[in-house]
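In structure tokens below, several structures.
Each of the two complexes below includes chain A, the first together with chain B, the second together with chain C.
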Partner chain A sequence: MSAENFLASLERWFQPGGELPEVGELRRAALERALALGVPTTKMERWRQSGVEKVFEHNYNLPKRDRLPMTPGRCQINGRATTAMHFSAGRIESAQPLQRLQDGVIAGSLRAALKEEPELVQRLLAERGLEKMGFFNAVNMAFFTDGFFLYVPKNVVLAKPIQVIHVLGEYRDALENLRNFVVLEEGAEATLLFCDHSSGREYGLANSVNQFQIGPNAGFKLYRVQNLSDEAACFHQDFFTQQENSRLFSHTIGFNGGLLRGEAHVDLQGKGADCEFVGLSLASRGQRMENFVKVEHQVPQCTSREVFKYIVDDYARGLFNGHVLVHPDAQKTEAYQHNSNIVLTDKAKMSSRPFLEIYADDVKCSHGSSVGQLDEEALFYMRQRGISEENARLLLLYAFAADVINQIDIEPLRRQLDDMVKKRLRGELPSCEDCVLSCSQPEFEVL
Partner chain B sequence: MTQKKNEVLHEVTSSDYKYGFVTDIETEFAPKGISEEVVRYISAKKEEPEWLLEFRLKALAKWQTMTMPNWAHLDIPPIDFNDLYYYAAPKKKKHAGSDEVDPELIDTFNRLGISLNEKKKLSGVAVDAVIDSVSVKTTFSDSLAELGIVFMSFSEAVKKHPELVRRFVGQAVPSGDNFFSTLNDAVFSDGSFCYIPKGVRCPMDLSTYFRINAEGSGQFERTLIVADEGSYVSYLEGCTAPQRDEKQLHAAVVEIILMKDAEVKYSTVQNWYPGDKEGRGGIYNFVTKRGLCRGDHSKLSWTQVETGSAITWKYPGCVLGGDNSVGEFYSVAVTNNCQQADTGSKMIHLGKNTKSTIISKGISAGKSQNSYRGLVRIGPRATGSRNFSQCDSLLLSDTCGAHTFPYIDTANSSSVVEHEATTSKISEEQLFYCQQRGINSETAVGLIVNGYAGAVLKKLPLEFAAEAQKLLNVSLEGSVG
Partner chain C sequence: MLLEIKNLCAGINGKEILKGVNLQINKGEVHAIMGPNGTGKSTLASIIAGRPGYDITNGDILLNGKSLLGMPPEQRAQEGIFLGFQYPVEIPGVSMSSFLRAAINETRRYRGQLPLGAVAFARRMKEKEEMVEIKAKMKNRSVNEGFSGGEKKKNEIFQLAMLEPEVAILDETDSGLDIDALRIVAGGVNKCKTAENATVVITHYQRLLEYIVPNYVHILYGGRVVKTGGRELSLELEEKGYDWIKAQVEGEE
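Moving on to the complex of A and B:
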């Protein structure tokens, strides 16, 4: 399939009165936007060095309703630390699609929310203007089938993290568009865990768009675990808006996946807002892992921190694209970007673009980026002490990754991911098609 | 004493662009615009051989298919490439002998502080002086020739050493490399050519001084430096232009080829007219500079102090082809008022154990925009390579911008790349400390900026460093408070 074919299929698929007629107008406008923009190419600055062009080599199918649901519970965190919601084949798998939880918290399917809370959802959908919408966002708007919806009212603290599991369908060349919304009113707090999996060896593309509104003094934590097959592609676009003194913590680990691209666009709109991004990408074989983070400091006194780590093995490719934009009035900004990478073979490639764009003078902004290998001296030291070379390497790689893992504050999740990272580094963690529940059974140490 | 000190301060902090005068000389122009006829005209004027004309025409055809790049963080008003003179040469006066330089021109260069008289010259720097499209005089050519060093204007070299020029031109910057270099390929006028033979250490600094004088013209010079095995040369480049209300285009190409064990230091103090405080006038400085370290153990070092030009688009680069070759880039870029600069370096590592260092210091004041854009690419075969980049930006006003756009691509498992950058304003504490000791704020800023840029300034040859330091202060004049 080519870019032209992809655009032609978009037109062919489009049914204004079909899926969710409530948003028919928005969808039509989004489709027109997508067609006008045309598909992204690696000639475009934002997509340079990325694997985006491969995405257009396929003949896609939109999800059908009669697909087999994923067995619930397979990916849940050990110890039932969370409330889980499953999405597969572009739909929620639950008898009760929209749940009213404690103190007015609403959680569940976007589809159901659109029926039950039409005003709120319509407003949210229309909020980000079309004129700023990128290609994949517009495609998502035109074709999304469902998504996760969370509303946390003023000063309510969500008792348990919610786990949102999205399994990419088992049918060939799937294109699944999920649109997730999270609204945290003033002083609200919530933690989410997004897990992305795939259930077969077929190629498919998950194109998710996530909008997060974080009200004044609200606190939001987002964990993301991605473990897909080497055939699958998964794009996430996160749009965060943050009001005064709000806090955001975003934590991503990419274990496996043919093409994982995470984009985060952060608008710091209220004074004193703070955001932190932490990411670990473990790419091997022919996998490609990409992170794109754009933080816009629009008002004074905001802080942002980014730490992204990559281990790139075999003939895999890693790409980090960070962009801190400080607007003219955003004085007293503090921004920090860090990207460190280990390239393990001569066929692996790593590209790093930590950008700073600054229009205010009273700021402290810095970034650092490094690409290197395991410390030979540390390896030698360990071998001297009788640790086998293989184990010494694993220990060093694990230590490199541990900074990221240790920042997880849900203990069962931390233990589980810690285990998964160890297994992944040993080459024992398969992507999900071979999953036999092993990821939720902590059982061994590295040595 | 105080009186004298005040005078110095005054000179340093309040002087405007002092090279903005125009020399009134008769100038001969090519027809306005760019076309095959103009290219043929330039080539004929220079009495060039057929192969060079072909080189130009091929480039012209390619250029006509290209579009101006828009990826840089620059706001470039549309340029009408057909509204320019691509060739402007001072007319020779009839009564003067063929080798004598017009006294007007000697006077012009004297006013710029460049002496074209060898006997008077004390500093031991050989100069090739280029005004508009022609080189008017190359000093010390003869004494350098005794060592086998070829140092002359490009046009002269085409006549006297066609085999050398033909062999090396377009090696570092291939024909059609980018929009501006291709334009230069087609219409380049004069520039310097320098060849240092095997094992020769050039006894004096070589330099080229570029001066734009004619109105409505662009300058498209081309410099080619070839350092043969085991040779060494330190090369300086300076440039100025008159103060005018319209913009002028300068699109130069500098190519440096280094053989085994050769070393070249290339230093630039770029002081083209930056335009006035409202952004009227000034030079568009769109320059392609690249060195090719062909031989093993060769070393190329770029040092630049960029204070002038309305818009700067410049990325001196090193292609590190030879094993163990070294590339260095030291830069201070100052922008004030409405200036824009998008500058940085490219380090392409191809050979084994190649090393590169990038130190870039950006200083922005007024309403200016100053960007660092750099590429470090380590190829799959460049095992054991090393890069260190440090890019700092200093902001002196709340209306300016300072940006950093590094691109790092690594494709092997034994190389190490490190990049770090900071952006901040001048430390209040340092300012306060100076002021406590009776130094006024403007001078204090000058001191701090000079200290900040010190790591780069000390890489400049001595006489250049003093000038660069002064320039920094002048460029920042009026930017405090």
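Moving on to the complex of A and C:
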């Protein structure tokens, strides 16, 4: 397979009036956009060192309707703390694909929403325009099969977090495109938990695009947990638009995955909007994990903070790209970017590129980055007290990760992820040999 | 004999620092090691504790007749060696209690004992706080993080009380302490003394020895123990300084 073959399959797969004819026109335009752009290469600044070339080595299969749905794994979190929705083989697995929750909240399958709320959803889909769409976004638009849809009306606070579980299919060379939409009207509040998993040891690519519209005074929290096999690739692109005085908190932990690439694009469009990004990536073996965050301060008095941490072991690679763009009108901007990393071996690699681009003159912006090994003096101190070298390393690594974990404000989720991080650091967290959703029993001791 | 150092020769990066150190320490004893700067006092402490990076070229260190030289630092600690650091290390994010619990329970496992549960551990913390009169107010804080110099040294003594080693080596524990802190630290060390353990105090000044009274005073100079005496030797040093020792040693050579 090659880039040309990939483009040829896009054309071959495309069926006008096939999946979701309601958006047929949009899909055709997106396909043309993708073909015109061509596949991204590592020569492009944004894709440098990304490993994207590997993605085009495969002969992909789109999910078919007749595939058996995955049996959802038992999850420690769902049921207790969240309302769970499962997606596998590119579709929601639910008898009731679109649910009407409290106070006019609509949540569930985008596919079902397109049928039941065609005007609203079609308007949202068309809103972002094609002219800025990147390649994988256009591919997603042309071929998405389903996605998660959430609409929270004005001043409604979603009672329980919703957990959206996506399990990449068990068939070879799967290409699954999910498109997720979240709309929070003025004063609305919601918390989502996105879990990305894979079910087998086959290669596959999950290519998700997520649009989040956060209205004035609205508050949105997005947690993301990624635990896929070393064979799997997972790209997600988040597009946030934020209106006046809205708040966004995005929290991501990458546990496992062959190629994890997260992009976040934030448009701060309303005065006083605030966003915060927190991330932890735990990469080992040949895994590659990348976070790309672009925050655009369009208007005055907005604030943004980014803290990303990586632990890179074996011959894995970590990449951080942070770009804060402060437009000329965006006076009184406060922006903070930080990336700190522990690289455990000579063969592991970390690339860190924090970047500020500022066109306003009355702003407070800072950025920083550090790459280091474990503190040898601290290791000796701990060992001198009788703690084995292995456990001393674990304690130090856990300490490095802990402040990310401690920012989770859903207690059962915090406990669960805390436990998973400890297991991951000990090398005990399997990368989805079975469904990882059920493999982790909480325990409370560090050692 | 509890700890025996036999003809220990060691160096770092090809530079010889210890040139045949001999020491014999019995249970129930307090030994002071004194000497001018750069004579190998801290090197000796580091080598006993197993700090990586030193080359041992000759000799041996025996604890209860067992050689420590082949053991990693954690095993030496589990066998009963405690080093009070001259510069205790800050470990952000690791809480005092998880640190000490890991230390105690790994040592217990090494000795074939059951781990200490959370309740027993809390009780022990409380007991030891009372015993050494050092409050581990840092219980939920990270190890040494943001502590003043005095707090760090007090924390070393609290750890000493919690871990109950057979041999406590205190490396310049008095440096940077004001007189009140010195009294508290020395009081803590004295309370940890039993007939079954031993204390080795490394210091420049005899001031600390007014509070922790040694049975033996050794003077380390040029990588060797050049003089051993009783308590009075430290007083003599206080009076005359180190020059007479230097002159004496150089005269012999």
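Note that the second predicted complex is superposed on the first by the 434 of 447 C-alpha atoms of A that agree within 3 Å, B and C clash if a C-alpha of one lies under 4 Å from a C-alpha of the other, contacts with A are read in each partner's own complex, and residues count from 1 in each chain.
One rule holds for everything that comes next: a contact is a pair of C-beta atoms (placed from the backbone, for glycine too) under 8 Å apart; a residue touches a chain by one contact, two chains touch by 3 or more.
Treat the numbers as computed from the prediction; the structure is a model and nothing was measured.
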> After the match on chain A, would you call chain B and chain C a fit or a clash?
Replying inline: fit
>> Under the stated touch criterion, which partner chain does A:Gln373 make contact with: chain B (first), chain C (second), both, or neither?
In response: first
> Just chain B (first), just chain C (second), both, or neither: which does A:Glu45 touch?
Replying inline: first
>> If we overlay the two complexes on their shared chain A, which of chain B and chain C does A:Leu396 touch? Say first, second, both or neither.
In response: second
>> With both complexes overlaid on chain A, does A:Ser388 touch chain B (first), chain C (second), both or neither?
In response: second
>> Between chain B and chain C, whom does A:Lys364 touch in the aligned arrangement: first, second, both, or neither?
In response: first
> Is chain A touched at more residues by chain B or by chain C?
Replying inline: B
> So, does A:Met350 touch the first partner chain B, the second partner chain C, both, or neither?
Replying inline: first
> Is A:Leu35 contacted by the first partner chain B, the second partner chain C, both or neither?
Replying inline: neither
>> Looking at chain B versus chain C in the superposed three-chain picture, what is their shortest Cα distance in Å?
In response: 15
>> Quick check: in the complex, which residue numbers of chain A touch chain C?
In response: 375-378, 380-389, 391-392, 395-396, 398-400, 402-403, 446-447
> For chain B, which residues are in contact with chain A within the complex?
Replying inline: 71, 73, 378, 380, 383, 393, 395-425
> Of all residues in chain C, which touch chain A in the complex?
Replying inline: 49-52, 72-74, 76-78, 82-83, 85, 88-94, 98-100, 102-107, 110, 142, 159, 163
> Across the complex, what residues on chain A touch chain B?
Replying inline: 45, 49, 328, 331, 341, 343-373
